[in-house]
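The structure that follows is given in the form of structure tokens.
As written, the chains take the letters A, B, C, D and E, and residue 1 is the first residue of each chain.
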């Protein structure tokens, strides 16, 4: 026997949460582009998508957000701080790969300096992931040691029922349990069979890749130039990545007042590391692509003991020139042999 | 940040009556970066200016805003005051709270509010102003005069007589231009060559004038005070040093059947020739297109007869590079190709001639020795018909403008004809008689009243030959009926047009020209002698059809502009010019195309070994006039305009 | 009674013609509404489309761009270049949904003080009628506040 | 503006407001400013945290923040001195700031020079051009407790005489008999009255030939100078572990989040900016 | 021989004879319907080249890769007519010389891919001239027409919704064959004309300014819209600009390498009906 949530009750769940003062977010589509948006009812949810176009990350680390407001006076500067309020949120229908991305960035945003922008939202959000019964050609969670039903980063994991009429519910954290308790009356107990998970083939040997990447001999290999020759240096792979977290700080406004904002930035951009002297440590696109791969599969794991790729495949799926992590790591796997 | 002083002027009551100056002052006092704000009745007065100077010194101001009348009024005054106090004048801006505020708004509160915003915006701008230094350009005190007609000669002499150095370039083998071809000149009927040739000689012998005939301008680069000019010295095949001008070669040249340009085809010349008897320099050239030796490789009669071995068939075109400070363009005009007018029969009937040909016939030094005779049979014509506006004022086939001189020279022609053939009849078909000018109307009246020229108002529609006569059919619009005149000779008052290569030459010079090819003046009313390119001036008919007095007057005017320029060692120019960030320039040359002054050049960026890395735009501060059109074109924001930089304007808008 | 809406209008003008025309309106003591703020540039050729967008960001309800009549440009042909840019940018703004009343272009010579005063009256009146540029103001407001959670 | 209530100090990106109390033009485009905290609590926090070698983010609201070292030593922590070259948007704004104007400071961030480990040792300071400021902070930290160290040698070079910074302090050091100061300018950069050395820093260093035994070197300068000077130091017998240097990468957050200062797995803003030459050698050289 | 085979053998020929040092073309992608740019430098690799109706990307941007053309050697590129036009513009704007580029031209019409005659940019003049004429008579774009029919308010909110999704990844710029500035205006921060934040205002400024910078230069290849991860119909803006420059100035971008940029040139009688 297991706890079940039938799809038919989902609307009531959402209503209940909303009555309790929670905001409910989930995958939905607007302007033809899917992402996580606040919803008022189950009908607005798009739970059949393999993945949303934009990531869960955006709900925690928006692409632009104000940090400080300032007003410059003659003898004083008035500032006001923007830190997100602790409004509680349910995020329903997250894919396990996106949820896993949360844990990756937790490490970074809590490294000595505790980033309130991230953690206020983290602490007040409950992530309901749904294990995947579908995948597409770009999915590769299994190559990263994750699976269609990984629990990393999730507070509740839902396993779709074979009948397609609901989910088997599994609380993973205290936050998850609390969120479930407020809808306990809408949950059922039952022995309904879960649907089979999607079979995501393993595309490369991660450990072999990591060994190759860790070898300093390979840092200046011709491989990097060849694999990234067609890269056009846009930021779509980084901006659509569930873990990429680089940002810029920009002041904006008129002469007397304005807002200091935290904006997404990308290691793909040539100006990202450019010194004012004109010296650019990563002057070429291949150096930038190498940094992205090294950072994800070598540096970050050395430092935080976790890969900063969860295998969602968005980088390849959305790349204007059909590049991505998959191709590069597959190629590195072959180099190994 | 900055230390800005804001000086609010009452302008008596002009501003203070509407704008609450005290409130404006207070608003500025509390503005970040403003060190001092004061108000005063008249800041343009001596004590007013003194108080600004004092504040600059005492407060160590880094910028000044005077909120007062229009900058067009007193910007210069206040900038000078700032400079006197040691503040770079370009760190001073004027907030216009009179013409554009107190005088145009009725409501005092609204006017005050607006005055505050205007002033604030400029405070923000001035915070970003940079110290600018006037651009000093050295002046090469050598003028280039292009064209050796009357305009060019006049300009050259005026400059030379005032002590200026001149290079006078003429593309024909002799000075003189069209004026040398003329018989007598209106309205005085004095002999053209008699007044022209002494001028030619004076120019040729003037110690300050270097005369280059049979030479053309190949390339003009640089800018005012600093032009680099390349002149092509066409091969004359006659050594100018050795030649004594004896004329033996001209006499002996076997090739004599070349239609003479100077006589408009009414007489022939040999292959080695001087254009006309009084040519300056009076030394021949060989016309290699017609010379037998050049055609067949045999002859060399001239070599044989020349006592001084002056003939050199191996001579090549040579190039001369000159450093020039100012250029006077006096390239003159041509007459329109009259064969356009089939109905007038030019080219078909030998006795239909152009006005210029008639000049040669009437000239004492001309092919007929001044006898007016028909080209066909040499007989004196009994009846001569003059057709005016043969090309002018005819947008459909000719040119739409008036050639200006034809009314006068036709009257002169009728007069000369009457003086030389007392029994002859002259008929003039005209549209209007345009005789504005000193003594001009009197002159045409004399032609009609004293010399019996019969004026018929109307156009000629057809001309044919019948029984040895040229039958001219036209309409007398005053009588309203057709007329037919049997004539022995017909003279066409052909339109004056620019030189055929004028448009091309305008490009060489970097000046503008109109749709016909007449060179453009900088301003039709106020700068009729200057071109839009600083340092290049116009004289004579290359700018528009002109008669001799107008050409001479403009030539002297151009000379005075050149002399004014030469009166200074260095030119001082407003430093409001464009500047390019070479690091970010992609070298697309959009700015080069957009610049009205050809002020943007292509510059090579090379590595230490001199290898070309890339090319970028580079602004020539001597040519840039500071319009900023390039700045707006530049997509990468690489070009900027000093005094009106992107940063300054951004701040001014954001400060509103 | 509701108060009359007073629009904020920014004018970008060349110094040789329109600025002088505005001065002439002043010396002629012509009266026009005080809503306009003039930014002086050497030539219309210097006026970049970004100026217009920044004026709108600064809360302008209307923008006027004005310079010498064709053929009268002090810099020979700066205004011809400007005209092409305006043609393109004007159609872009309209396609983006900026009402044509809000961004206006004109030729005003140094002699046309009357035209200047009248045009300002006209533009002010037109914009008063259509009201504040709320659509744009909303976007501006968003930049100064917290992003959605 | 709608502000949310927050507990003060929670926002790690909020800078302290500073008064500019003094400015000094060092060289063309190079300026030093002395800043004082407006808020005494912020000053206390700074005094607690600051150790020589750390850096900060200096800002002007409306323009942004720019990273450079704290040029004043930990032994003088009532104020902050910074020296910068006018190059970007923020430094351009800072360069036009006047005494009495306000600016901001966020920090101090990063690691430090382990000065107590230098006790009892000889010290060799080598700096090039605008990189004297980080060195200067160590120099004063040591001079302020002079008796704890052995011989102190300073080798400082710039492109031209005009480009030398801290000219007053150079004079002061020159006069002290407990400091050996070697000044040099690049060939062609000397003025007629220049009485010091002419030549590139590595060459001059080799001529001065300080003994490597019991000596710690602190080396700051542009990448190319560092490269050649390290080679010279090696020749003189210095171990890479005894040579300290700083990395000056582009930074936005200063606290290990924004991602741009990484060299290999090193976050320069947190694990640096002070590194031994051995540590730098272990980094991927192509990304430096 | 299929067009693909034809061009594979031509590429092999060009590479083995040393006529070109590289062939830039299309290869298979990560899924059967995808094509990706490939850079072939050896005659043995020409079998990697694919040419079919999925080959839509305009490859001209790759020609400006630093150093690629600096050795004066030739490069062959697969181009449809839009690509040839962008090549012409790149030459007109002095970014390269067409003599260094060999065109392997093709046209996609429905299912069919055909070869274009000629290998030099100038060989396609008449085809481009025909395309110019054809553009005048082509039926209006459906969404564009719909937009034009809206009130300004409706249009504004349409674009507001579209631009609100922009994440400022600059894929539009990076994919665009005409965005080759050494420094993009948005990367100039003195002054920061375009807000870099991806709030709607900043996005609107960015996208409008980009459209303006492409006026009279855009060849309507569609790279921008295809690249946009937020599916913003950027091509509509560019299309509207193209309509404008063609309607007002009879300018069709990329006619030949001598064409003057429409915004750096003028005619005294340019239309000006909107100017008061």
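The definition used in the following text is that contacts are C-beta pairs under 8 Å (C-beta built on N, C-alpha and C of every residue); 3 or more make two chains touch, one makes a residue touch a chain.
Nothing here was measured: the structure is a model prediction, and the numbers come from that model.
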| item | value |
| --- | --- |
| Longest centre-to-centre distance from chain D, chain (CA-based) | B |
| A-B compared against B-C, more contacting pairs | B-C |
| Inter-centroid spacing, chain E versus chain C (mean Cα positions, whole Å) | 33 |
| Whole-Å gap between the CA centroids of chain C and chain D | 50 |
| For chain A, residues contacting two or more additional chains | 64, 69, 72, 82, 84-85, 248, 250, 252-255, 258-259 |
| Multi-chain contact residues (two or more partners), chain D | 1, 4, 88 |
| Multi-partner residues of chain E (each touching 2 or more other chains) | 190, 192-193, 195, 197, 199, 202, 263-265 |
| Chain E residues touching chain C - in the complex, by the definition given at the top | 147-148, 150, 152-160, 193-195, 197, 199-202, 204-205, 208-209, 211-212, 215-216, 237, 240-241, 244-245, 248-249, 262-268, 270-272, 274-276 |
| Chain D residues touching chain B - in the complex, by the definition given at the top | 96-98, 101 |
| Footprint of chain E on chain C - complex, ascending | 49-50, 53-54, 57, 70-71, 77, 80-81, 83-100, 104-107, 119, 135, 139-140, 142-143, 147 |
| Chain C residues within the chain A interface of the complex | 58, 143-149 |
| Interfacial residue positions of chain B with respect to chain E in the complex | 583-591, 593-594, 615, 633, 635-638, 646-647, 650-651 |
